[in-house]
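Each structure below appears as structure tokens.
Okay, so chain A shows up in both of these, paired with chain B first and chain C after.
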Partner chain A sequence: MKHPLAFAAAAAALATLPFWAGDQYQLHLAALIGAYWILIAGLNLVVGFSGQLSVGHVGLLAIGAYGFAIVAGTHGVDPWIALAASGALGALCGFLLGLPSLRLPGFYFAMATLAFALIVTELVLALDGLTGGGLGLSVPTFPEPFDTPAGNYWLILAVASLVTLLTWNVARLMWGRGLICVRDSVVTAQAVGIPVLHAKLAAFVFSGLTAGLGGALFAVIQSYITPDTFLFELGMFFFVCIIIGGRGSILGPFLGTVVLTALPELSAPLAKLGNFFYGLLLLLVVLLLPEGIGRLFQIAMERLRPRRIESMPIAPHPQRLTDAIKAGQR
Partner chain B sequence: MSAALQAERITKRFGGVTALSEVSLELLPGEVHGLIGPNGSGKTTLLNLLSGYYRPDQGRILLGSEDLSRRPVQERPRLGVARTFQKPRLLPSLSVLENAMIGGWRDTRSGFVASALALAGARREDRALRTRSIDLLQGVGLGHVIDRRANLLEHAEQRFLEIARGLTGRPRFILLDEPAGGLTSTEIGHLGTVIRIMRDCGIGVLLVEHHTDFVFRICDRVTTLDLGRMIRHGTPAEVRADPEVIRVYLGA
Partner chain C sequence: MLSALIAGLATGALYAAAALVYNVMFSTSKVLSVTAGHTAMLGGVFGAWFMQVLGLPVPLALIGSVVVGGAFGLLTDIVAIRRVLARSDEHLWLLSTLALATMVQQAIALWWGTEPRPFPRVIPQDFGAGLLDQKYWLPVIVAIGLAIGLEVFYRRTLYGKLFVAMSEDIFAARARGIPTDRIRMLSYVMAGAMGGLAGFAAGQLTFAYFALGLTLTLNGFIALAVGGLGSNVGALVGGAALGILSSIATYYVGGEFQQTISVGLLMVVLLLKPEGLFGTRNVRPV
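On to the complex of A and B.
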């Protein structure tokens, strides 16, 4: 943690948001961002770290949402158990989708996830006995004290924090580097012994879990879900949040999610433009900031505290090198 | 006498082209073995066979008495075989330290879930690997760029980082694909120092290199290939004096 003060301030601001948010709508928006982020945090390990271009996570979101609505609503199971079941169902579907498709090269993998999202929508319509078809399903809330907008927000904040912590752990330890290695050089990954498919699948199943959890919480926010809630554009939106935020970062995609969700909602002219706004922002970032908006902060920091890149000759230390090699042989 | 890494009468074809024909090579622990020959003679092909990227059409790759011919490339690090690449393959957005740490993947026993939960074992492995990588980076002479992003490295630094990454995996054998390419004579001197230290620590070093002065100076044994055939192997003095080697490669 490089900036503990900034982190503490942000955490305090998020925790107290229901007290300082302008109105109920802003609180609703914050909860929505949180639910999206739960999915995007997991997807970030797939797209931003392992470099697998999934555009179909809206399908997994729908599975989590309908899973929760059916288990907790139709069958009246305890919502907490239904939430866990949604996560497990998302992970299982992630496994079943990832196992065959993660062997495919980039473009074909993206097409497979696209096809998956379309199939889920069609299935929701076809299985109308279970899902209500085009009419949709109403979604139960969590019990007290999580049934108010503020309570629901805090619940989502807690789950989002937990998911973020898990992804941060992955990112800062060896698996994060392993995933980035799979993204940037499969040849290197093989040379150092990273099990490439296993690594991609682990990240993908984890993203299924978070998509399932995010879906359940998203459904509660919506309070009523229909197939139209889960349009393919939403899957593109998740993907774009990560690309705009920057690959291989957690803060970047988080900022991407906040900006892309909030800006069109808070500014009426932008809302009218809708997809045009996403498209323009995506174009600007890809052309001008290919490493994402997260990189803007890094650049600003480097401007503030410039580190001179001086060139120094390489000079091996024979004794140190001998000791280091021998230490590994023991 | 510990086990050698061996290519035993290897033949490798690509379509109709025979890249290697009945080539044998034995890399002993604690030796520097040069592999030279004109462009297209099959040096890199042989290195790719030894490191598991290709499978031989005939012949076997052996580690001691263990047949590695059909074992996938991912298993080589655990068996103690590391390699570097002719064109450095680093992870541009990661730091020098993290690039070196990647080489120690074989010591990552914790799974994805243990990592996500940051269990004590996962954190301990990470710390150990970090310490080992720092020591190795300082040893090869990259201590001053440890936190630099790899895409900001100069060419020589990239080459030395590839070697450090190989060493993080605690190899018994390291296969170096043209490590002196693009280095200045001072840097080649330092590369020689690093290679000798690896040898003195008991690592078998295979040196694929065009820089023949360097090869003859540093190697204990040299194998020469031409058009996929082995034309001579022996001590540097023997190889250098061989009329066939002079004719096809060294020139008069």
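On to the complex of A and C.
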């Protein structure tokens, strides 16, 4: 916490957003960003910290969303229990996916997660007795006072803050260092005694949990889900948010999520280009700024306000030297 | 049952062709490019466009598709590979090729539309030919021809030997005076052209469809991983096995679980024999 004032101002602004947001649509957008961020915060530990390029988290999002819709909607269970259940379901699926695939080298892992996303879409269509197939499912809302758009936003804000706090704790303590070490050099990580698979798997299961929670909240925002909601391109989008924000940071991916979600919604030409725009952004960032946009801010700040480098030259002092020598001879 | 086998073999041949595209790009750059399947998609879409919209004769359309594929290969090298390989971070190429693949797929979706469109007849043939229809044997012939051609190219020609040398040890190759950048560019153009040809040949099977690229990228990779990375025979065997397995599974279980079964095959092979059926084990982390 280098800037407690800025942090408090941002927190206050987020908490009071329903009062100053221009219209319902902007509030909806803010809630959507929150739901995405819940997933991306967990994914950030996998992609940004431990360096595992998972492009298939949209599959886990779909599992969370359908889990919530089936448990709370079809079976009429209390939505809070359903929320917890979809988080647990996401974590379980993350475990089952991560256990074999995290042993694979980079590209193989990315392909395994890609395949997972496609399989989930396929199964959602195939098991139409459970998921409604191509027709989709309607999703119940939370009970009062969370059934209004503003209440829903506050609920999402609370969950997102909690998840952010958890990831921040992981990132700044020993776990985060270990994950970064796994990202930068597996051999070094093994040599200094980091349990590589265990660390990666723990991060991945946590990301599955947040994806399940994010999926449930996302489903509530959408209020009706079909397989078309969870296209592979959405998984690309999550991934791009993190890469653009910068790996190994939390603020960077958050800003990436906000900007990338809001930009196409606020400008129509970009929305038409859609995923082409995300691909272009990803390419530009990888080629020009592999450290992410956050690095650009750092460079700009250095230019504006260069760090003061303390230099304390010590002037020679012959008199003290001769005194000391004489004292030594005596 | 026989029809399922033959259809599976044809699809498998297309997967094998995508795996060969991966192999050619991998040999000179050690990069598994996500754009491998998209070259074939471009071949199919542009083939249909040349013939149906522009009304070109078949040979011209074929050459056009191959040229488009080759141009895309060149673009992949220039945009997504060249600058990234100079950096030491090994997974940047996954991001850059993924970005390029997404851009191409979306560009085609915006320009061509998201519905699959039919691909015209390549060789005059009656539609009643049943299982002897050209849409089944064209991809098989092209995939086998590409594999044989590659083997001859690697063994008999100087450029092929340069490819092999670069895949063995790129630093040693450069020390012997091989212009590695130019050879890599050539390999990407070649891979793109091969993909364009395969996509053109399989056009009647897959239709001209923008989302084919991602499916082929995944299934071609599965074929490659099952057969063994870097092996052309492995690519053919892996592709055929994958195609036949998924079509038999479709025949017995229904089409809904196709993806699940093919990924199941991949996982089983990777767990039992991580280097693939025909691959060589190369483990040296330090």
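We take it that the second predicted complex is superposed on the first by the 305 of 330 C-alpha atoms of A that agree within 3 Å, B and C clash if a C-alpha of one lies under 4 Å from a C-alpha of the other, contacts with A are read in each partner's own complex, and residues count from 1 in each chain.
Convention: a residue touches a chain if its C-beta (ideal position, glycine included) is under 8 Å from a C-beta of that chain, and two chains touch if they have at least 3 such contacts.
Since this is a predicted model, take the numbers as computed values, not measurements.
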Which superposed partner A:G178 touches (first chain B, second chain C, both, neither): first
Which of chain B and chain C A:A262 touches, first, second, both or neither: neither
Touched partner set for A:Y108, first chain B, second chain C, both or neither: second
Touched partner set for A:L289, first chain B, second chain C, both or neither: neither
Partner, of chain C and chain B, that touches more residues belonging to chain A: B
Partner chain in contact with A:P100 - chain B first, chain C second, else both or neither: second
First (chain B), second (chain C), both or neither touched by A:L53: second
Partner chain(s) touched by A:V77 [first = chain B, second = chain C, both, neither]: neither
Partner chain(s) touched by A:V187 [first = chain B, second = chain C, both, neither]: both
Intersection of the chain A residues that touch chain B with those that touch chain C: 187
Contact footprint of chain A on chain B as seen in their complex: 51, 53, 73-78, 82-83, 85, 89-94, 98, 101-106, 108, 110-112, 115-118, 122-123, 125-126, 129, 132, 135-136, 138-145, 148, 152, 154, 156-157, 160, 165, 167-170, 186-187, 190, 193-194, 197-198, 200-203
Chain A partner contacts - residues on chain C that touch it in the complex: 32, 79-80, 83-84, 87, 89-92, 94-96, 98-103, 105-107, 110, 214, 218, 221-222, 225, 254, 256-260, 263, 266-267, 270-271, 285-286
Residues of chain A touching chain B in the complex: 166-167, 169-170, 173-178, 180-181, 184-185, 187-188, 190-196, 199, 202-203, 206, 247-248, 291, 309, 311-318, 320-329
Residue ranges of chain A touching chain C (in the complex, touch as defined): 51, 53, 55, 100, 104, 106-108, 110-112, 114-116, 118-119, 122-123, 125-126, 186-187, 232-233, 236, 243, 272-276, 278-280, 282-283, 286-287, 290
